[in-house]
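Naming follows writing order (A, B and C), and every chain is counted from residue 1.
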Amino acid sequence: MSFDYSLGEIAEYLSAELRGNPEVRITGLNTLQSAGPGELAFLANAKYQSQLQDCQAQAVLLVAAQADGYAGDCLVLDNPYLGYARLTAWFATEPKPQISIHPSAVIHPTAVIADEVSIGPNVVVEADAVIGRGSCLEANSFVGARTRIGERCRIGSNVSIYHDVIMGTQVRIHSGSVIGADGFGFAPDGQGGWQKIHQLGGVSIGNNVEIGACTTVDRGALEDTRIGNGVIIDNHVQIAHNVVIGDNTALAAYSGIAGSAVLGRNCILGGDACVVGHVTLCDNVMLTARTLVTKNITEPGSYSSGTTPLMKTAAWRKNSARIGQLDDMAKRLKTIEKKDNN
Amino acid sequence: MSFDYSLGEIAEYLSAELRGNPEVRITGLNTLQSAGPGELAFLANAKYQSQLQDCQAQAVLLVAAQADGYAGDCLVLDNPYLGYARLTAWFATEPKPQISIHPSAVIHPTAVIADEVSIGPNVVVEADAVIGRGSCLEANSFVGARTRIGERCRIGSNVSIYHDVIMGTQVRIHSGSVIGADGFGFAPDGQGGWQKIHQLGGVSIGNNVEIGACTTVDRGALEDTRIGNGVIIDNHVQIAHNVVIGDNTALAAYSGIAGSAVLGRNCILGGDACVVGHVTLCDNVMLTARTLVTKNITEPGSYSSGTTPLMKTAAWRKNSARIGQLDDMAKRLKTIEKKDNN
Amino acid sequence: MSFDYSLGEIAEYLSAELRGNPEVRITGLNTLQSAGPGELAFLANAKYQSQLQDCQAQAVLLVAAQADGYAGDCLVLDNPYLGYARLTAWFATEPKPQISIHPSAVIHPTAVIADEVSIGPNVVVEADAVIGRGSCLEANSFVGARTRIGERCRIGSNVSIYHDVIMGTQVRIHSGSVIGADGFGFAPDGQGGWQKIHQLGGVSIGNNVEIGACTTVDRGALEDTRIGNGVIIDNHVQIAHNVVIGDNTALAAYSGIAGSAVLGRNCILGGDACVVGHVTLCDNVMLTARTLVTKNITEPGSYSSGTTPLMKTAAWRKNSARIGQLDDMAKRLKTIEKKDNN
């Protein structure tokens, strides 16, 4: 797989100001530190500015302020990181899906398959499912009854999508993920056991959503679990029944959202940040890694809990043990303060 | 998919007292807040009682004390939530598996398939496996050699069950889960590397067990990993080799049980509650979300660790840093107390 | 499945000193406590020494110091646990893969399949992939374009391996795992949404690596994500884009390594130990369960954070609330100390 673009055509695509030779050939992207001949690098973070000096890249994406001191070929734009991000599409090595339905796929006669669809080997599509134009179902994936997949979606190998799931256009789901499994709903049966609560809702996913690998989105108990437009979700994420995720919210790996929690728009959850059930977060909330949210958040901003300083295990044990004495310590401190004030 | 029952037949099924018109048609279930004409709602939690007034539901499930002030059609029973749970089976939208073996399934000639079994497309069943009467293996699932699946089990699409796993009746396993992969057993080889310990045990699962999506239950090192009857397990749960889980215990998402830990009966683990290896929990232990158990629990009750108050990140950083000084603070406090007492 | 070896041949394989009858038949392995006639047990931990007295095992693996007081047949070696580990291979119950390509497998004509390979039902191998001699792809697994699998690898059922992944010899990957899905790379698009960063790197995995079930290793953004030789990885582990894992490092369940973090050699991460992005750990670092590493570790040793004493929930709530007052408490303590010193 090889690429070859002129710096000029890249400048045009990115609406960047070209300083230097537009005929230079660009055959790859790389970091400032690693880039060599033929490679285009980017300087997105001022802290790497010192690498510009010794950089071996064929050309560099950077902001005007940094371009002024750079003698090589470069593309000047306000947001080099975004420019790099947009340009990656030109260098993608992922095989383009073949527009065809593999003969080994098992597609129910009542399923509706639009034009320009790619269905890989051993894919199973059940009754009354709908696959939109330009979508791709990769090998060994499963689409349940009445599920509707929009246009230009890409469903990875070994993905399972249950019945009555609805998704918009340009949704990507990576391998091993499961959409629409039963929410974890059981009622105590009064005899020490559990009565299953059948999950009667579905899952609804907006447009331009990306879901990582081994992630689960459960179906709703009565109404749908809902993922907004532009939401990005990493690997090993758990979205429980009846959760609502606002547009453009980002969930890093192991984020867990318990039942009926509601997340606003443009929130960012760090790795392993979890939200307990029936809690609501407003728009523009950020949670640092491993935070546990146990109550509503009504004001935008960055929130944290749980994480503590890293230390040698022996030192940690000493300090950690004191946490169990904290309430006692607080009371003793108050006692002393009173005494001192008398 | 449409449903239509009379309130009278629902009353009979639930052994509920019917107040109102038994001929009323019920076509769906919903919450008190969202229910409309034709829908049966339930009032299970007194804190939602105020919603009863304006409720648009066709009929309501509730307790006698609340029925007295309600003018509409209703069903009176001691436990409305359990009644709702039992009734969901009547409104389940999940397609009933077709009793047939899909021609694309690959079933070893020595496997024993009982009557009334449903085996979906591309399912693989290996040598000497046994599939019990009324069970269903969904598309692209895998059943290893000598594994025995009981009656009326339902194995989701893309589930992997290794060899020598035994499960009872009415076990449900959701998509993407893996039962019987090797436990994580390695011995230091004395040269800086690891010697694999082949895992010679299997997995044994009782009756009426439900296992969520992307959950793993590892096979035992020498003896079986064991899941009792009536156990309910959510998504992304890890049950390591030789763990024993007592009857009716519930494990929420991300619960992790390390090797050889033993959980009693009727325990409830909140999300991300983890138990380290070789530890034993007695019956009726509850762990709040994200608790880590590092020692035996011998007395029933609710236990916690690790979670801390949620606060703005800046405030958290200040407090969190102090945790690293706690042992020092405790000693200084004691010093002052001594001084003050002299 | 039955086994039958003489104690003599086992002694020879383990280079152990045989005390007793070399003709004794060994048909299984077990723990000291559970072993019965025909079974070989091992005493690896001095704390179980008292079990030796009443042990019903046919023979025992132990060190010389403990053998001296033992009357039964035994094998004496320096490291009985390693001996047991090595011996498990002789008693493995896992079916040997059949050397054949199942007719239902879908293998691209340009893929290169070496000799003595086992490819199970419904396996899909895409263009230009290479499967090395003696390797086994189990049912319903997927191997993407240009991916190269070395010799004697074993890829479990329902595993997904994306394009351009390279692995060495004797790599084992358990069911449900996903290798080479996109790293979680998105740039803010300046309008509240996210611009996908196509992930142009691959994944490179060394020799003798074991990867558990439902684990993910993401492909790199520009360069490869890299797993060294002899690395062992448990279930539900997340290895993000551009992570580098040194040789022989061990990652327990739920270990999460965020983007571009670098782990040294011979590190051991306890369950749910996580490392944030762009952080480096030197060789021989141990992290206790649930530790979160937020900065570089440059000195070998055991590190911890986050875990706190387990207590009854009511007591925990009191102490936990005080954590939110810690900074205030620390200042008040200092104030009193000053007063007292005046």
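Quick note on the criterion: a residue touches a chain if its C-beta (ideal position, glycine included) is under 8 Å from a C-beta of that chain, and two chains touch if they have at least 3 such contacts.
Only a predicted model underlies this, so the values are computations on that prediction, with no experimental measurement involved.
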item: Interface sides of chain A and chain B: same vs different residues, half threshold; value: different
item: Rotation angle superposing chain B onto its copy chain C by C-alpha atoms, nearest 5 degrees; value: 120
item: Inter-chain centre distance, chain A versus chain B - centres from mean C-alpha coordinates, in Å; value: 25
item: Residues of chain A touching at least two other chains; value: 104, 122, 140, 158, 176, 214, 236, 254, 306-309, 311, 321, 323, 325-326, 329, 333, 336, 340
item: Sites on chain C touched by chain A in the complex; value: 104, 106, 122, 124, 126-127, 140, 142, 144-146, 158-160, 162-164, 176-178, 181-182, 184-190, 192-200, 202, 214-216, 218, 222-223, 236, 238, 240, 254, 256, 258, 274, 276, 286, 288, 291-295, 297, 301-309, 311, 315, 318-319, 321-323, 325-326, 329, 332-333, 336, 339-340
item: Contact footprint of chain C on chain A as seen in their complex; value: 1, 28-31, 34, 79, 81-82, 84-86, 88-89, 91-95, 102, 104, 120-122, 138-140, 156-158, 174-176, 208, 210, 212-214, 230, 232, 234-236, 248, 250, 252-254, 265-266, 271-272, 289-290, 306-314, 316-317, 320-321, 323-327, 329-330, 333, 336-337, 340
